[in-house]
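See below for the structure under consideration.
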Amino acid sequence: MNELSESLALALGLVVSADAGLRAIAGLSLRVSGTAVLIASALALPFGAWLALARFPGRQGVIVVLNGMMGLPPVVVGLLIYLLLSRAGPLGALGILFTPAAMIAAQAVLIFPIIAALARQVIEDAWAEYHEEFLSLNATRWQCAQALLWDMRFSLSTAVMAGFGRAIAEVGAVMIVGGNIDGVTRVMTTAIALETSKGDLPLALALGAVLIVLVIAINAAAQTVKILAVKRHG
Amino acid sequence: MVTIGRGQFAALALAALAVAFPVAAFAQEKFIVVASTTSTEDSGLFRHILPIFKAKTGIDVRVVAQGTGQALATARKGDADVVFVHDRVAELKFVEEGFGVDRREVMYNDFIIVGPKTDPAKIAGSKDVIGSLKKIAASQSPFASRGDKSGTNAAELRYWKQADIDPQTGKGAWYRETGSGMGPTLNTASAMGAYAFADRGTWLSFKNPGELAIVVEGDNKLFNQYGVMLVNPAKHPHMKKELGMQFVDWVTSQEGQAAIADYKVGGQQLFFPNYRKAG
Amino acid sequence: MADSILPLAVEGLSFRAGETSVIEDVSFRIERGSRTLVIGPNGAGKSVLLRLLHGLLQPTAGKVRWNDRAFDVARRSQAMVFQRPVMLRRSVIENVIFALRIAGNGGHSEQLAHAALERVGLAQLARRPARVLSGGEQQRLALARAWALEPEVLFLDEPTASLDPAATRAIEEAIGAVHAAGTTIVMTTHDLGQAKRIADTVMVMHRGHLLEATPAGEFFNQPRSPQAAAFIRGELIW
């Protein structure tokens, strides 16, 4: 308990003094995971909508695999991306290993299945309600997908936030492809891992507290936007 | 169009992406990647000496801290420009295989054995590492090993061998392999009341000693040599040969060696520079 | 007109759901300009019939002939209003514009949509979110959306079943206006009064069979089938 209160005091101190080191790693965490979410969503939402509306043999198998990949271990994703991006690997010429770009790529891969699988379910459920109307209007599948993606934006935003939460909380992938380089690829989670391994548990806990508060704040902001939007637009 | 503005949303997303990465700024930085060990990173040595190097040359040194085994693997694949580790045997093999060139001994510190204050193997104060290990095995006292192919771990295993003991016979009983770095292994040893084999640098900067204290030190055998070398440009033509060489040269130069000697934790010097020109 | 989709000729239409026969051997014609009301007890197959005509379901036997036009082409000249309106989460006018855009009428969609809203009396709610409208208003919006497409045939599946009398009246007036503008009406209802008010032809469905298709005046005086007579008297028939 003593450790906890020491950590909370430490956390408060870091935040209030706007500690430069903290700002750097927190900022990088947000940039890496935020960008990963944008990229993953841009791909996963249309994919999920397509899968919800498409009918082809083996579709159920694809859904099962996609759902299963929501549980992809981050460290495994990190390892796979590392092998891809290593100079000895096929994409080595890109030279992005041990840079934030590699971290973004790894996290985007990690969270794509989460956003896609949830989007698929949301759109498929909506389809039950909308499909007769769309059929009556002779909408093409692509027009239906677009209309549903926008109409279900509030539910889909929850899927996106789920992806963001997963990204900003993981350490396995960014540790391997980023290398936890001081000042370059050190993010909140890898910093916490480092401080733990150095035995500085109060600092590790303090960073953890800051991270949790940060994520809650972002979720609160997203929820507020949603509530205001629903109020204005139904 | 649509009330919330799909167009506005897209614009926002693009703006966010643009802010997220000032890619241009990145590309212009001079930098090298140094694959090193957790003992040098965790001790804080690099935080101390790298800014001096950067101020002098403008080169940003990006240290990827992994165990020695992983660091050499990273360099072997061409993902690093310089290697800075502490396993002489593995380093020489690395050069022999043609992956590294111009290996230089750069600094040393020593290994120690830490253990619980209760000292079940009765070795506290000893200057004999081999004898102490024999006593630990005989008394089956809990021992936390890194088990991760690091330089420290390699040294530990060599001492067991010299003591004619196969610690695997105690596996699962008193010999516990954590498969992790020095810090986590010390955390585990502290929590379990176990002995552990560590380098002094990490130990001095370790902030969670709990009931652990140094029990064995000062044996000449416990000498821990660090070596630095350039990754072989012949094997990996893309690597930053000149910049990497500047680092290797500097860290073995008078200025670099002085910077290493300068680094202290709690008033104690952690690493001792010992570069000597060949011949 | 040569490219009209009417008259509609239905021959031997049947629909099975698994083992159950829902519609059995139904045949009739619908002429241009008519107002056909399909009545019958719940479960008679009225809704299924409408969906078969509009192409939302595929028949298991029989033919639906739209003046020999291809089926999916024919659907472009049709529109449907469902019992529960499905509105997108956007404004009232955007829902109409959406339908117009899909139909390829994007050009003057704003003006066309506004005109459609005027016709059903929703013009002042144009910018409101569609989903906050009352049930009756949403149904009028559904009607406006269908009308904006200028269909030759408008299907309505019990459009006022969940509405209060005032809203029902508004919808019936709008239907009258749509018809006056030249659209053929095919509508289901379980409300005999509504049938009396609107129909010029009455079709009676019972247990999947078409009992009769009779001009309205004649029907309400003297239905041709005993079940229909019982139905009009207010008896439960099954």
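Should a chain be cited, it is by its letter among A, B and C, assigned in written order, with residues numbered from 1 in that chain.
Keep this in mind: a contact is a pair of C-beta atoms (placed from the backbone, for glycine too) under 8 Å apart; a residue touches a chain by one contact, two chains touch by 3 or more.
Computed from a prediction, not measured in an experiment: that's the story for all the values here.
*Asks:* When you average C-alpha coordinates per chain, which one falls nearest the overall C-alpha average? Tell me, please.
*Replies:* Centroid comparison flags A as closest.
*Asks:* Let me spell it out: compute each chain's centre from its C-alpha atoms, then which one is farthest from chain A's centre?
*Replies:* Between chain A and every other chain, the largest centroid distance is to C.
*Asks:* With centres defined as the mean C-alpha position, give me the chain A-chain B separation in Å.
*Replies:* 31
*Asks:* Whole-Å distance, chain B centre to chain C centre, using C-alpha means?
*Replies:* Spacing between the chain centres: roughly 78 Å.
*Asks:* Based only on mean CA positions, could you tell me how far chain A sits from chain C in angstrom?
*Replies:* Each chain's C-alpha centroid was found; their separation is 47 Å.
*Asks:* When you check chain B against every other chain, which residues touch at least two of them?
*Replies:* Residue numbers touching two or more other chains: 2-3.
*Asks:* Which residues does chain C have that touch at least 2 chains other than itself?
*Replies:* If we look for residues of chain C contacting two or more partner chains, we find 90-91, 129.
*Asks:* Can you list the residues of chain A that touch 2 or more other chains?
*Replies:* Those would be 150, 153, 232-233.
*Asks:* In the complex of these two chains, what residues of chain B are touching chain A?
*Replies:* It comes out as residues 2-4, 6, 13, 16-17, 20-21, 26, 33, 38, 41-42, 46-47, 60, 62-66, 76-79, 180-184, 186-187, 190, 205-209, 236, 238.
*Asks:* Going by the contact rule set out above, which residues of chain C touch chain A in the complex?
*Replies:* Checking each residue of chain C against chain A gives 51, 54-56, 72, 75-76, 78-80, 82, 86, 88-91, 98-99, 102-103, 129-132.
*Asks:* Quick one: in the complex, what on chain A touches chain C?
*Replies:* For chain A paired with chain C, touching residues are 129-130, 132-133, 135-140, 143, 147, 150-151, 153, 232-234.
*Asks:* Hey, which residues of chain A end up touching chain B in the complex?
*Replies:* 31, 34-35, 38, 42, 86-89, 92-93, 95, 97-101, 150, 153, 179-182, 184-185, 194, 196-201, 229, 232-233
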